[in-house]
Amino acid sequence: MQLMKASWVEVEEYLQTSKAIVIPIGSVEQHGPNGLLGTDALCPEIIAHRAAAQANLLVGPTFNVGCAQHHLDFAGTITLRPSTMIAAMQDWIASLRRHGFERIYWLNGHGGNIATINAAFAEVYAELSFAKTPPEQALQLKLQNWWQLPGVTELCNEIYPVGHGAHATASEVAVTYAAYPEAQKQVEMTPKIAPMGEISHAYAYRQSFPDGRIGSDPSQANVEDGERIIQKAATALISEFTQFSD
Amino acid sequence: MQLMKASWVEVEEYLQTSKAIVIPIGSVEQHGPNGLLGTDALCPEIIAHRAAAQANLLVGPTFNVGCAQHHLDFAGTITLRPSTMIAAMQDWIASLRRHGFERIYWLNGHGGNIATINAAFAEVYAELSFAKTPPEQALQLKLQNWWQLPGVTELCNEIYPVGHGAHATASEVAVTYAAYPEAQKQVEMTPKIAPMGEISHAYAYRQSFPDGRIGSDPSQANVEDGERIIQKAATALISEFTQFSD
Amino acid sequence: MQLMKASWVEVEEYLQTSKAIVIPIGSVEQHGPNGLLGTDALCPEIIAHRAAAQANLLVGPTFNVGCAQHHLDFAGTITLRPSTMIAAMQDWIASLRRHGFERIYWLNGHGGNIATINAAFAEVYAELSFAKTPPEQALQLKLQNWWQLPGVTELCNEIYPVGHGAHATASEVAVTYAAYPEAQKQVEMTPKIAPMGEISHAYAYRQSFPDGRIGSDPSQANVEDGERIIQKAATALISEFTQFSD
Amino acid sequence: MQLMKASWVEVEEYLQTSKAIVIPIGSVEQHGPNGLLGTDALCPEIIAHRAAAQANLLVGPTFNVGCAQHHLDFAGTITLRPSTMIAAMQDWIASLRRHGFERIYWLNGHGGNIATINAAFAEVYAELSFAKTPPEQALQLKLQNWWQLPGVTELCNEIYPVGHGAHATASEVAVTYAAYPEAQKQVEMTPKIAPMGEISHAYAYRQSFPDGRIGSDPSQANVEDGERIIQKAATALISEFTQFSD
Amino acid sequence: MQLMKASWVEVEEYLQTSKAIVIPIGSVEQHGPNGLLGTDALCPEIIAHRAAAQANLLVGPTFNVGCAQHHLDFAGTITLRPSTMIAAMQDWIASLRRHGFERIYWLNGHGGNIATINAAFAEVYAELSFAKTPPEQALQLKLQNWWQLPGVTELCNEIYPVGHGAHATASEVAVTYAAYPEAQKQVEMTPKIAPMGEISHAYAYRQSFPDGRIGSDPSQANVEDGERIIQKAATALISEFTQFSD
Amino acid sequence: MQLMKASWVEVEEYLQTSKAIVIPIGSVEQHGPNGLLGTDALCPEIIAHRAAAQANLLVGPTFNVGCAQHHLDFAGTITLRPSTMIAAMQDWIASLRRHGFERIYWLNGHGGNIATINAAFAEVYAELSFAKTPPEQALQLKLQNWWQLPGVTELCNEIYPVGHGAHATASEVAVTYAAYPEAQKQVEMTPKIAPMGEISHAYAYRQSFPDGRIGSDPSQANVEDGERIIQKAATALISEFTQFSD
């Protein structure tokens, strides 16, 4: 079930059976010459929605804008400062806890979010930890990157043995192409495989990675590959989330 | 063009022709027994995407979670505190300005956001106003509620002369039904038309509005009505945004 | 009773009879060539003090500096950022609640404050709404602009059928002149009636409104008009506040 | 000149002759059985306004609510958290600097404000100090407590050799009585002279100081004494401010 | 006992006997040509550790970086903004209260910290004061500057009758030399005794105090003097803390 | 060179030769029955000071209190909220940049800090990335955990093939014992090797890890092992930092 398309009555009923929810979390940032700006938000959303269509699992709204300061020299990138993201995640979690959710599974689509998501978890936990008495309501916060769901990295490497890369990867572009075929873009990559390197601020980033890609050749991406990855990830998500829910 | 499905190269090209962008902004909150939790985010998104399909207009990601504290006693509602929302909007605006956007048109779907959106505008403008020299880069921030686009309120009142209401309105439910027919819910409303009243915190809200609706009978909503409203609003948006862009 | 001139013992006694208080809230900002910088703080203060002299009504200190970033290009304007104003209002409200006040009536003198006052209300309410149990202590926050007290706009339009305006209005200047006749300033207005327009940041504001006025001819203001308006507004405030208190 | 009753044109003219301004800063807090809740804001305001009537000195609006958490167990007290007060003072100072003010003299009426005022100064200075180049615009922030203006403490001790006290002092009550004789309150003090002690939070405060006073017998206060103190302080302020302005 | 070298079991045992703790708090800032950047953090740490070696007294970690914005024009200075320092002290205090500490004695090494430490105390107390019921757990926060421990100023003045000074004092340099003789620096002072003056931001500071010292001749400092001062201060601390603990 | 024991003149001279600095960063938190509360701050400090004694490398003050909310149920633990830690690190970095430092190497002693340190880096970089022009001053922020310095993990595993563990590890306890032999504690571990598990808030932590250890038998720790580890780590640090500095 997608929370965004459910009524409050339906969510209330769901809560009779489970205190767990999936929140897709991503970023809006450049993904090279043929990747979508929304890639990192769309991938976990696509996978979670697929899972929700195949199992009894509640998916919340997508936390779409994350930590992408290093991509700001490329048009269209939008970022939160980490401190803002922590505040926003606190509010989301406080809202969900208000309804009785006790297990919140953040399905992440962006490596640059990982630190801040974990910092936000600690910020929320700290409130419970400072209290002189144990919390009456349990709370478990889990971060999972979609590409690290069991079996997914293996599949991606199998499909793209060369030029999978680290940003604007062949696999994430494929996932979005499978879900939004009309958004496919034919672009020749120069160089074929992008360079690797270190990340700091946006001006340094662009010097190291002139077209935005890191280590990848995303021109390999296609709908069929994307479909395989989505299904693999969705199946793994169902399994992992089911375990997490109990 | 939808920014989420565009590449940075495409956004850079768009910026050669226009410095303006539409940001749909909404809320995730209960919308009565048959309305979707995502209604207020989905409505401006649906309308903006329709407009983008019919004209050269860039639509950014949807700012989906807004100010909905008063709905928190109904399952599924998610809110930001106003101070968090101001911080997040600051970051979105700073990001867009970084790329050269100078006119940001916020198409809003939620009455409860209006105050905080305007406060966020003032927060952003204040930074320019405190500076000892005029800003080198122009900035215009505009808020428009989709139901106040020219002609839309009139159409909604024409379609629903009775029981249109103030929250979980017949028209907003219709808009979401037209876009997501699979999410339609058949629920009998009791009472037929919900009460009117004042809003404060969530506990008081639920006492005044037991099933969440205010003044409405959204069981009147259907796909055909929604389609008419969407098209009316999209056409008006194109016209208003075009004028705003110049 | 004016809180500022009362002892704590007197306020404690008042709380035996009522849990309601009026807080005048305004701004310190240019009001054109003949208007006082304090106009927006002084008007609600003058009206509330008049009401307190004629009825059993407690008036708190004046929240004098508000949101006036758009006036910063004119000397003497002082503004809070909206986020600061929210924090300050939170503290005022927390203080008043500590003593048992449950109904706080903010009598506002500045259009530019409206959004942030409402955002501050939502920030305060959110704390109650996030809580897992209903608040033990009731809370009602009300915003009223003095010029929208029943009958006041009508009177102003009757007195100033032409050139009442939108900022540095004839009526608000008259109110301050009636209370502080020694502060009257004779200035010829050029043009007689100021232009109308849109508001954004301070540099744009001054270009649109070179002497600060919007749409008004405040040279019409005089002590007698001001006195009529004050008394009309005070009477209306007494009536509305009495109702609010119950 | 009082800024609140001046026009922006008059402040602009003043800035041709001086870059200095006085800001009265106080608190709204209990002042014992016969003292006014507004005492600490009113005293510096009264003195500064008197000075402004006798010399060419610009007085800004009164920063009326300060740091009074320790008085919160007495009805009517209103406090800012220190962090809020710092933010508000930053905004006031940023506004004044925008107009060209370079020397801001804070005439304080409340001992409990001293730490936070100095912290706010450091917060503002820090912004200049972090910058890689010296500030183009000078900035001098000065704190003066009205009772420490040259000669004032001596006068107070002379008038009240016994029972002047440390909070709700005979002298501050006298100052407010002189300015607002209608607000005088006849209350017998029990004990005649209040106890001395340490200050922490509000509950501990009330245990140590049951009627709010510290070390004082403010029933000695009268209009004539107040008038002497006001004039002494105003004269000293004119002299000190004149020196500060150059 | 030093908390940093104790186990949690040992601290738990200590808490059976006392709810009090000493926190050395200082600054990292220039201390003239021969003083250590760590002087203000090291002095209270040295004294507290000496005391802990001679009595049953728990010393927490040193809060080493404080408010030193005015020294930023000298290499090596590190400062917190006052608002950051307040937040950090809140967290330290919340942590200590979590374990049952009720009396926290801050032994301070830096004049520039005093205002912000007191503001932080008020910030923490305010939380208790806003609450509708008295705190279940007592809290006493105390600030003591090491040079104001009974007898210490007298000793310093006796040892350095001339050129003790106000910053980079002979005595504080001596204290650090006694603890870290290897860090002694032989520098001739020019002028012999540094000038006195006012403090604002870092650029103004350096103009007034070209080598960083204020009013001092720290070339007088030596290990023997430092040792005497340390022992004097440690003895006074033991006595004062013992009284504070009860 | 240790910054805390250097004068500003010496740091200024150092800056002629290098723009790089090491900042030890740790935590104050329980480390099981025989580990020191300061372990995570002391380890990087010990290693960095050893390196500074053997090479030309500047070590700043130790950022001693970090993110340790999960340990709060054990006496003596002190934590910052992640948002506070971000603010503090921003201030430290702003201070260092003010002096010309361009490369800041954070030698970390606590796994629980990693997320927040990286979030703080992104917060600082974001300021540069939002700017419309590239930074005039370079900035490189590096995080290294001392146990991940080349060769160190291998050495630890070699010394402690069994029961090295994940928190309160044999190796970190050994490092502190080597530096502070007087702080050694003889405690029998029950069970010999502590359990492994997941971390969330402090109450859950204590249930999973009753004496604080995770997976370790730190009773194996001794001075000789610690000395070997310190020297290995210091040598690796010198080498890595030298490369980082260029």
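The letters A, B, C, D, E and F name the chains in turn, as written, and every chain counts its residues from 1.
The criterion applied here is as follows: a contact is a pair of C-beta atoms (placed from the backbone, for glycine too) under 8 Å apart; a residue touches a chain by one contact, two chains touch by 3 or more.
Since the model is a prediction, treat every value here as computed from it, not as a measurement.
Trainee: Taking touch as defined above, what minimum step count separates chain B and chain E?
Mentor: Minimum number of steps from chain B to chain E: 2.
Trainee: On Cα atoms, by how many degrees is chain B rotated relative to chain C, nearest 5?
Mentor: Superposing chain B on chain C takes a rotation of 180 degrees, nearest 5.
Trainee: Per the centroid of Cα atoms for each chain, what is the distance between chain C and chain E, given in Å?
Mentor: 47
Trainee: Using CA atom averages as chain centres, what separation in Å is found between chain A and chain D?
Mentor: Here chain A and chain D have centroids separated by 54 Å.
Trainee: Between chain D and chain E, what distance separates the C-alpha centroids? Give it in angstrom.
Mentor: Measuring from centre to centre gives 30 Å for this pair.
Trainee: Give me the residues of chain F that touch two or more other chains.
Mentor: In chain F, the residues touching two or more other chains are 72, 79, 81, 83, 87, 95, 98, 129-130.
Trainee: If every chain is a node and every touching pair an edge, decide which shape results: line, ring, star, complete or other.
Mentor: Contact map by chain: other.
Trainee: Taking all chains into account, which pairs touch?
Mentor: In this structure, the chains touch in these pairs: A-B, A-C, A-E, A-F, B-C, B-D, B-F, C-D, C-E, D-E, D-F, E-F.
Trainee: Would you mind writing out the residues of chain B in touch with chain C in their complex?
Mentor: Contacts found on chain B: 67, 69-70, 72-73, 79, 81-83, 86-87, 112, 114-123, 125-126, 128-130, 134-135, 139-141, 200-203.
Trainee: Okay, in this complex, where on chain C does chain E touch?
Mentor: Going by the criterion above, the answer is residues 94-95, 98, 136-137.
Trainee: Per the contact definition, I'd like the list of chain C residues that touch chain A in the complex.
Mentor: Against chain A, the touching part of chain C is residues 129-130, 132.
Trainee: Taking the touch rule as given, give the residues of chain E at its contact with chain F in the complex, in rising order.
Mentor: 2-12, 15, 28, 30-38, 41-42, 60-62, 64-65, 72, 74-81, 83-84, 87-88, 90-92, 95-96, 98-100, 176, 180, 182-183, 185, 187, 212
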